[in-house]
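For clarity, chains are labelled A, B, C and D in written order, and residue numbers in each chain start from 1.
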Amino acid sequence: MTVQVTVWNEYVHEREDEHVRELYPNGIHGAIADGLESGNRTVQTATLQEPDHGLTEAVLEETDVLVWWSHCANGEVRDEIADRVVDRVHSGMGFVPVHSGKNSKPFERLMGTTCAIKYRHGGETERIWVADPGHPIADGLEESFEIPSTEMYGEPYDVPEPDRTVFISWFEGGEVFRSGLCYRRGRGRIFAFRPGHEEYPIFFQDEVRRVLSNAVDWAAPTAGATAVRGEVEPVESIESTDDP
Amino acid sequence: MTVQVTVWNEYVHEREDEHVRELYPNGIHGAIADGLESGNRTVQTATLQEPDHGLTEAVLEETDVLVWWSHCANGEVRDEIADRVVDRVHSGMGFVPVHSGKNSKPFERLMGTTCAIKYRHGGETERIWVADPGHPIADGLEESFEIPSTEMYGEPYDVPEPDRTVFISWFEGGEVFRSGLCYRRGRGRIFAFRPGHEEYPIFFQDEVRRVLSNAVDWAAPTAGATAVRGEVEPVESIESTDDP
Amino acid sequence: MTVQVTVWNEYVHEREDEHVRELYPNGIHGAIADGLESGNRTVQTATLQEPDHGLTEAVLEETDVLVWWSHCANGEVRDEIADRVVDRVHSGMGFVPVHSGKNSKPFERLMGTTCAIKYRHGGETERIWVADPGHPIADGLEESFEIPSTEMYGEPYDVPEPDRTVFISWFEGGEVFRSGLCYRRGRGRIFAFRPGHEEYPIFFQDEVRRVLSNAVDWAAPTAGATAVRGEVEPVESIESTDDP
Amino acid sequence: MTVQVTVWNEYVHEREDEHVRELYPNGIHGAIADGLESGNRTVQTATLQEPDHGLTEAVLEETDVLVWWSHCANGEVRDEIADRVVDRVHSGMGFVPVHSGKNSKPFERLMGTTCAIKYRHGGETERIWVADPGHPIADGLEESFEIPSTEMYGEPYDVPEPDRTVFISWFEGGEVFRSGLCYRRGRGRIFAFRPGHEEYPIFFQDEVRRVLSNAVDWAAPTAGATAVRGEVEPVESIESTDDP
């Protein structure tokens, strides 16, 4: 089965900040997409600047899993497009918000919480521990891996209690963070992954690419059962009817 | 400790439909409020027609638990007020949506799903089973209780997997439904309760009043810990700084 | 990937009760195994009467998913073998207890609760509703299916709150039951499925075979990450040592 | 409402190791009990060496919450007494295993997993972050607190996914750990708390005493509903009877 992936990026830092552009000459979306290349996936990209932010009905309809990177332009995503993403997740599309994508409109709407955190710039070591070694998103990892320099995110992370806590991060500056969380909303699977600050070459790191590849495969839709909603006739005969 | 309860009602059916008005001469909110009267609670009501739907910042600020009944006017609640309710839940206010309040803007935003169901009018027997007899919302109940005539709600109920499933309903017409579900969003506790169709005297029934009283006490805020969010200084000294 | 399934059966009713033997001439394990036949699975059976109940270390080591039917002989399973099954689940083996297998030693030990229910013999209609239509165990099902005659199980079911509630049953006699529940223990996936009373030809029913096939595929082990436990050296240098 | 607490301790290190005895001249149970003293609680202690380990039917019957410290003598607790504790938790008694009490027989049996971890002796700083600031067990705490010297516990912690993750620890040596986890088993509430190594004066620390006091209040039984189990008569008339 081929998984059709769309990697979405606001694509602002790479165009406005030379340091970021040098790190990601093809954009963060380009680097993420490269890391997902595989015989069992097709990967396309989309960005904020395209019509409908590149997320037309047609694009989403043929997307199995949407990977989402965003940060400074979270507020510029049109409400209508955010709702379109949310609707597709409800219908079964997988959704993998990365880093500040936690404050994207689609993720906040799917969670129903503020998704607020504490943070710190400047670069410090992060060690990501596998808390759920039996989870397929951890397939092939060692017990932990390090990101040598990164922005810090710290608890308390204002999200609903997750279905599974796959990763927990240790930060050199003294904080911790639940860095890989699984959710279901409607038929869609969601995996929120913490790393990915734009000022560091994180999306070229092997372990990060491994996690995103695993997450995309895990989040791909499955067939499921028929769901009938709306007004229905009774299955059994009703004797106690009291229709006012 | 006194729990300050606000019972909110769209208050439309009682004004427009004579049968409903006869059942609920003081409004559904009046009947719910009566059932919550107790030495350890203060109870006030609010309706859609009041300025800010009766849910001003001041009212919400002093509300510990908001009980919410709505149905045909879910779409008339202003977005700004719905967001105000959601924000207060995040800050700790309990929220108890009843019956079609499952499709109120605040509940849908807190869940992040469609909250869609199947349903049937006409009146039939519902038997509500306690699935979690150790839960405080079930305090004082028998193993089940019946609602002699009601609208049916049927699975699949499109909500996130709940923290606890307290009640499951059996319907004469052949369906089942998870009728009492617990959630946390931010600091706030949420209990979604199925019964309460406006065409039947359900809010005068002892067991329903018991459940709502238990739910209000359960959903009342607790103190909790300090939460620091936003940009912070490190707790430990950082040696690996690589600030680009 | 081939999933290696072992179907375990206490194999008592079929040998002692003529009616059951006529229904299941090859044993309940034989009927379940037949329903699981597929190009991507190998299926073997084991019974209580074999040495080590047919569950030697070697058999379990090469079993990806263990389907378990038991009832009157739950107490005759040796503690040592029950613990062996539990250990293998911790290591990743899927476990699918069916019907009274809910009171098998392995399932009770994995749950940590009594798994007690209410029940009734005599034959009545059960309608199994899909509560989680997006779950792979529901793949290919309609919104509900019926078992024409069966023993009833009723709530409250004394199990931990499940990871997912896939099915909920409606019974003609007025009860409800959570009939398909998902858990994780260690690396192993567990799916507890209610139907399967020995006095009815339930394991020849298409929908039941579909559910068990889906469950076996869902419960198959995945690779996961390395897990290091026991005493370890520090990753970071420790300055505050206060070794007494 | 008065909460009746029993603090159980294996009471071995304090008798065999002079350093521990000096820290805890009244035993670890004595120090924990002192920290729980309050107008709304009665506190008694029990130890391994007493008849029935001090946990007779009569003692457990009048215990609302059992706090449990154990380590090197986990294997010496008689199976019969461990099962008695488990049964009482199922009936509603709160259970608060502390530190290596995670490998006590009652906790392992309630979890259904190995509860295995990684660890390191020697003394290092632990910083305990509140991950769920809205939880009553965190009442009155700052966003984090430190234990200056302690044994390390590291992920992956082999327990079922918890109902709530209240605390996550940061360790100087580079590890993380979910240090405060909530569960329900039957009617009983369980809170597993990590700190408490015997070689440091941890149970005299204000924040630790605060957490244990909060946990005891949270874990106290509530009334709940009637639960009927075993064979029952139908509530509705059954027409499709097919009693073989």
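The rule we apply is simple: a contact is a pair of C-beta atoms (placed from the backbone, for glycine too) under 8 Å apart; a residue touches a chain by one contact, two chains touch by 3 or more.
A quick note: this is a predicted structure, and the numbers were derived from the prediction, not measured.
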Taking each chain's centre as the mean of its C-alpha atoms, which one ends up farthest from the centre of subunit D?
A
In whole angstrom, the CA-centroid distance of subunit A from subunit D equals 35
Go ahead and note the Å separation of the Cα centroids belonging to subunit C and subunit D.
30
What is the distance, in whole Å, between the centres of subunit B and subunit D, each centre taken as the mean of its C-alpha atoms?
32
Do you know which subunit B residues sit against two or more other chains?
127, 130, 133, 143, 154, 156, 161, 163-164, 172, 174-175, 184, 186, 227-228, 235-236
Going by the touch rule set out above, what shape does the chain contact graph take here: line, ring, star, complete or other?
complete
Spell out the residues on subunit B that touch subunit C in their complex, using ranges where they run on.
127, 129-133, 143, 154-157, 161, 163-165, 168-171, 174-176, 178
So in the complex, which bits of subunit D are touching subunit C?
19, 86, 90, 109-114, 116-125, 148-149, 152, 154, 156, 158, 160-161, 163, 172-175, 183-186, 199-200, 227-236, 238-244
Touch list for subunit D against partner subunit B, complex:
92, 127, 130, 133-136, 138-144, 163-164, 172, 184, 186-188, 222-228, 235-236
